[in-house]
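To keep things simple, chains are lettered A, B and C as they appear, and every chain counts its residues starting from 1.
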């Protein structure tokens, strides 16, 4: 239950949280598409988008530290790929453009995911016609994500309490063995879940 | 009196030989509450999995499981699953939907109830398990006691005539145990409870079956069986404290 | 390889989105028809597992670490269609919930890591298994397939970046292919280690995969998969293949395959005139490195397989008997 931080803010009560999921989803998609399509020769557009997102962020009542923390955490990946742009002609402008665009898009998704419980996203997907099988699997995946994280932590702690100093090769072996164990446990749990589903009438 | 469960000479063997059942027979009357006790590996869980047809994978030609007069076969399995509600040992295995409401609604939806009926039946089940108001909560935000209650609600929502429970009080703190026992007392269904919690058996079950290595060792009144110290120790159990000051007569 | 938003232009995002939708749709259709309901929780749990496994760091050098991608792992153990569903689910959740990978870029990310990688990994694995037998042989095949599929996925990614005008193919290809030849090594090693570990506790999970009916796709599904890869290659990779005859290059230019640089250089890049000596041949160098790399990976896989399964010979007659088919 420790990792509720991953889902801590999605059920707050703010005007943004209360918006219907489909509005948030399409809104996010719209902002992202616009940011990507509009050329950087119109910098005022991006200033507007940034302003809009910051205002929305304020309305969500999610702590700023959390929002910017997520932003900072995810930024390096964008940075890495953006560096490749520098190797082109006019690369400097391109680099800046990419950085600004990706940051705005990142902020958009951070807002979307932290104002919408995953269960609502699934319902909306179902309504939008996403195949039932996929929705079922996404639901199962999300549900058991936290269970597996817990199991992995337990396995890791058990391993760590019996390890004193390990060479890098040993570390790889132990980590792989942990992951292997996790997989086997996952398959066994899947069997039990199937039994539980059939017990309540699933076909 | 109506026979709720009838088991006739049930045999079973897992491919690796673990937890087999060798010729188990008994019947349980409508409304009875029976405790199923025995050491680890005695076959308690395996037995419960037979009650609603999850095991075996292929049903035998002569049915040996009869629930309220219906013999378990491929055709009757779906029906029997409505009558027998099984509560699994690990709530995480059974609580597989994204929210409490969806999980409790799962059974009724599978059985074909319409939206209105589903909502009613879910509300009733949540009330029975003191979970009204938790409809939108996600499973990973629940304590293990709450998860267990959600699983129970999910089973109750199917309105089964038989409740089969596998270690319902494991991992519960004393408060959680109290609350669960109180809830179980208020449910009129026929109950069979596989457990190590002998104090609970004394409190809830008038009759007890002792299982060891896949065979029934004893089947009789709870106080008599659980008060028999030698019997208990011989099968990996012990006389519960609550009976230590009661002399059998 | 998770592309954030802002790196792909709309046309690339839409095109790869269509490819992904087609591939994922075919996988879902195949699974819906042929998959036993009992496997559905397994697919869900495997997706959760891959997600968690991707979070675990394998220390490489000070500061750097590698981790599992899992496309080939899933494909070998569950079959191509299930793997596509598993990896797509992982990417969808990563993108929507954790903002790891963009939402517009989801199409491209799914195409690279959830369709190309598992399919290529699976194909290479099955091909190699034709003449690499036994437990050790399986590990070698898995290792090489993991490396190869990672590199191929990276090449597709480079193609998408080039088509969007974000990066020059001449820079993107060597960069992406080169770095992923290295990360592919980690992928190969980690996948081999994990499969060996799984095989030790539950051999039946590992030895049955080649016979299992769940792995084989229907003919129409296989056709769709192959078509997607070929079209992807044609659209994203082939236009940049080194010696293009002039005529074809003109056609490519007309179809918009040439990138469009931003036309208003207020800030001009300090690296504008940077030229790696012989950059024109960077692509050729990369291809050469790839060939050498492939041989090296093969050799290393053989060695690692020997270490992981010392008692087994790669002999068709030595077998760990499967429990069922």
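FYI, a residue touches a chain if its C-beta (ideal position, glycine included) is under 8 Å from a C-beta of that chain, and two chains touch if they have at least 3 such contacts.
Not measured: the values here are computed from a predicted model.
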| item | value |
| --- | --- |
| Topology of the chain contact graph, where touching chains are joined (line, ring, star, complete, other) | line |
| From chain C, the most remote chain by mean C-alpha position | B |
| Centrality ranking, top chain (CA atoms only) | A |
| Distance between the centres, which are taken as Cα means, of chain C and chain A, whole angstrom | 21 |
| Intercentroid distance (Cα basis), chain C paired with chain B, Å | 47 |
| Approximate Å spacing (C-alpha centroids) for the pair chain A, chain B | 39 |
| Junction residues of chain A - those touching two or more other chains | 118, 139-140, 142-144, 147, 189, 193, 197, 202-203 |
| Multi-chain contact residues (two or more partners), chain B | 96 |
| Sequence positions of chain C contacting 2 or more other chains | 41 |
| Footprint of chain B on chain A - complex, ascending | 1, 3-4, 7, 11, 117-119, 122, 139-140, 142-144, 146-147, 189, 192-193, 195-203 |
| Footprint of chain C on chain A - complex, ascending | 6, 28-29, 32-33, 35-37, 39-41, 70, 74, 77-78, 81-82, 84-106, 109-110, 112-113, 118, 121, 131, 133-134, 136-145, 147-149, 152, 168, 171-173, 175-184, 186-187, 189-191, 193-194, 197, 202-203 |
| Residues of chain C that touch chain A when the two form their complex | 2-10, 13, 24-25, 28, 31-32, 37-38, 40-49, 51-53, 56, 58-59, 68, 85, 88-90, 92-93, 95-100, 102-104, 161, 166-168, 171-172, 175, 189-190, 193-198, 200-202, 205, 259, 261-272, 274 |
| Residues of chain B touching chain A in the complex | 49, 52, 54, 78, 81-82, 85-86, 88, 90, 92-99, 102, 106-107, 110-111, 136, 138-141, 143, 154-155, 158 |
